[in-house]
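These are the structures, in structure tokens.
Each of the next two complexes has chain A plus one other chain: chain B in the first, chain C in the second.
Take a look at the complex of A and B:
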């Protein structure tokens, strides 16, 4: 136990150094494996264990013991219970038991004016009953459904978090290095959760001013959502998965996406909370914009040239990602290790780099487990400063 | 009123600029002035291909392609266009059976691909999302397509796609269809692993591949609907 405490302190120091602009002892590893991965890896039934969250402790424990990482790899983010109670159309399970976000919308063109005037009321009164079918009823029944869903939400999330916290102590993981909040860029929130991908791109041609107004109206909601429920710390971060920018031309990005996104990250930083961005798809066109974000913004890149991105952003921001998880599926063990070495050689010099993959590993069969373990072992033993 | 030649040029220009209102009103005007629906389709297609070039040159992005698709559908839904094309039973350029594979319910990429294939004259049988291998096999037996498109943005669908290709082999259908897989994470190695004929990271590339396939099939002679003759 004392050994684990010492190990945990060592790992915490890696991340503190990373965030304090010092060279850590070695490159920290911030592996994230999904709840679906954990369940499948433990040989459990995906649908059953997501419902009966008491099964998760065994699944997470096995995963925490078998993969080398400095932060707890278990990510339990969404559970089906409350989505089912709500009759959700925006998060549904596929036949394999995998909870996903289909392209739906609960916000019509005629809702823009009300949303701009009063975003929260518009979401509560109009959008939620369209997305969550069980809320589309009389006010009394709606309140009951809402209360039940929140009870289920807190039961499952709190249970998951207790398990994760316990395993963090058991395996000596660093509690810092990941994130402790979540929100979206206002334009992404409008696109993903309200209007849908296909509708929003029509809107920016048909009613451009309303889209701008809606993003501005969504901004305060996103800032509020993104603040953690405890005082911010320089070692915490709010996770913001970035979605729509690579699908937009630069002129549209500049007008619709960037202003409120930048303000969101700036305002969080001004309150003492950093952002952990999942820079989804290819943002090569927008690197100069990303540079402008507050120092030490964490950026997990999916695609793009690591060398170019290190040169442009690596002295100001903290980089991670890039390693293609598809390689873990198709390549040999040596090829996988070589790729890790190649990326570390580019990204580690000067610090401000932690190791993780280009996307979260969502199921056990999407990678070759031995390759994954070999890469983690290689990084943990060889990426020393 | 503009003359037809001017109208056609303007329609091409406004499709290229993605100005939906102007395209629709000018298209209506052109039809009223006696432009044949088939000719209007050609004009809009010229605008679409300019949009495609702007996309290839990275002046336009996916959002712009979606808007171009919206405009294309608007024009097709004009009364005179509907009246003409619904009666027309032209033989399609080729047949495609398309679906998002089991375990995955994403449909945006698949729908964009479908729209592009249809705009290029393909007849697409869209099986929907979360489709098991048995349904793919049944539909290929029934529709006898030239091409099968497997979509699956989630990385865990690699294994599922492999199983679907194997199911085609087992059902002795594999050498009768070309198989293209689509998702952001696809690479040559994954394509080989799955056993598909080609892959696409975006719908425009996928459409190009399908057009090239149909060209090489057509070079072999008339397409036989009973048996595609693709090898």
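Take a look at the complex of A and C:
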């Protein structure tokens, strides 16, 4: 146990140095594996273990013991219980046990004015009952459904968090290095489950001012959502997955996406909370914009030229990602290790880099487990400063 | 926030003048905590 405490302190120091603009002893590893990965890897039934969350302790424990990383790889915040109780259309469990996310929208064109005037009321009164069918009922029944769903959410999330905290201590993981909040860029929030990707593109052409107004109305909600439930720390971060920018023309990005997104990240930083951006798809066109974000914004890149991005952003921000998980399935062990070496050679010099993959690993069969373990072992033993 | 579905503690207090002052230190974090949890849950449902 004393060894684990010492290991944990060593790992914490890696991240403190990273965030304090110092060279850490080595490149920190921030591996995230999905709850589905954990359950499949443990050989359990996917649907059953997501409903009976007591089973997750065994699944997470096996995963924590088998993969080298400096932060706890277990992450879970979506559970089927409350989605089912609410009659969700946006997250539906498939026959294989995966929570699928169909393209839905709960916000109609005529809702813009009300949303701009009072976004939270619009969400409560109009959007939620369209997406969650069990809420589309009389007020008494709706109250009962909501109470049951909230209780289910609270029970499952608390249970999951207790398990994860226990394993963090057991395996000596650093409690810092990941994120402790979650929100979306206002334009992504509007584009995702409110209007849907297809509708928002039409709205930009037909009612541009209303789209701008809606993003501005959504901004305070996102700032509030992105703040952690405890005082912010320079070692914490709010996770913001970025969706729509690569699908926009630059002039539309400048008008609709960037202003409220930048304000969101700026305001979080001004409150003492950094952002941990998942820079989805290819943001090469927008690197100069990303540079303008507050120093030490964490940026996990999916695609793009690591050298170009290191040159443009690496002295100001903290970079991660890039490593293609597809390689873990298709390449040899040596090729996988060589790729890790290549990325470390580009990204590690000067610090401000932590190792992870280009996206979270969702299923156990999407990678060759031995390759994954070999890469993590290589980084932990060789990426020293 | 311009809404009828989220209240700060001060707004709650304004509606409940009967609350004993000595209970405020123990009531405020609890009541506000539930308010924040519900807000976080609602927003998660759309993300």
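Throughout what follows, the second predicted complex is superposed on the first by the 385 of 385 C-alpha atoms of A that agree within 3 Å, B and C clash if a C-alpha of one lies under 4 Å from a C-alpha of the other, contacts with A are read in each partner's own complex, and residues count from 1 in each chain.
By definition in this document, a residue touches a chain if its C-beta (ideal position, glycine included) is under 8 Å from a C-beta of that chain, and two chains touch if they have at least 3 such contacts.
Just so it is clear, the structure is predicted and the values come from calculations on it, not from any experiment.
In the superposed model, A:281 makes contact with chain B only, not with chain C. Touch criterion met: A:365 reaches chain B, while chain C stays clear of it. Looking at the shared chain after the overlay, A:168 reaches neither chain B nor chain C. Once chain A of one complex is fitted onto chain A of the other, the partner contacts of A:380 are absent, as it touches neither chain B nor chain C.
By the touch criterion defined above, A:197 reaches chain B but does not reach chain C. Of the two partners chain B and chain C, it is B that touches the larger number of chain A residues.
After overlaying the two complexes on the shared chain, residue contacts for A:159 are found with neither chain B nor chain C.
Contacts of A:94 after superposition: chain B is touched, whereas chain C is not reached. Listed in rising order, the residues of chain A touching chain B in the complex are 92, 94-96, 98, 100, 102-103, 197-198, 201-202, 204-206, 244, 246-249, 252, 281, 324-327, 329-331, 359, 361-363, 365-366. Across the complex, chain A is touched by residues 18, 20, 59-64, 66-67, 70, 102-108, 111, 129-130, 132, 154-156, 158-159, 184-185, 187, 189-190, 192-193 of chain B. Against chain C, the residues of chain A that register as touching in their complex are 77, 86, 106, 117-118, 120-121, 123-124, 127-128, 131-132, 150, 153-154, 182-184, 189, 192-194, 220-221, 224-225, 229.
Contacts from chain C toward chain A in the complex involve residues 1-6, 36-47.
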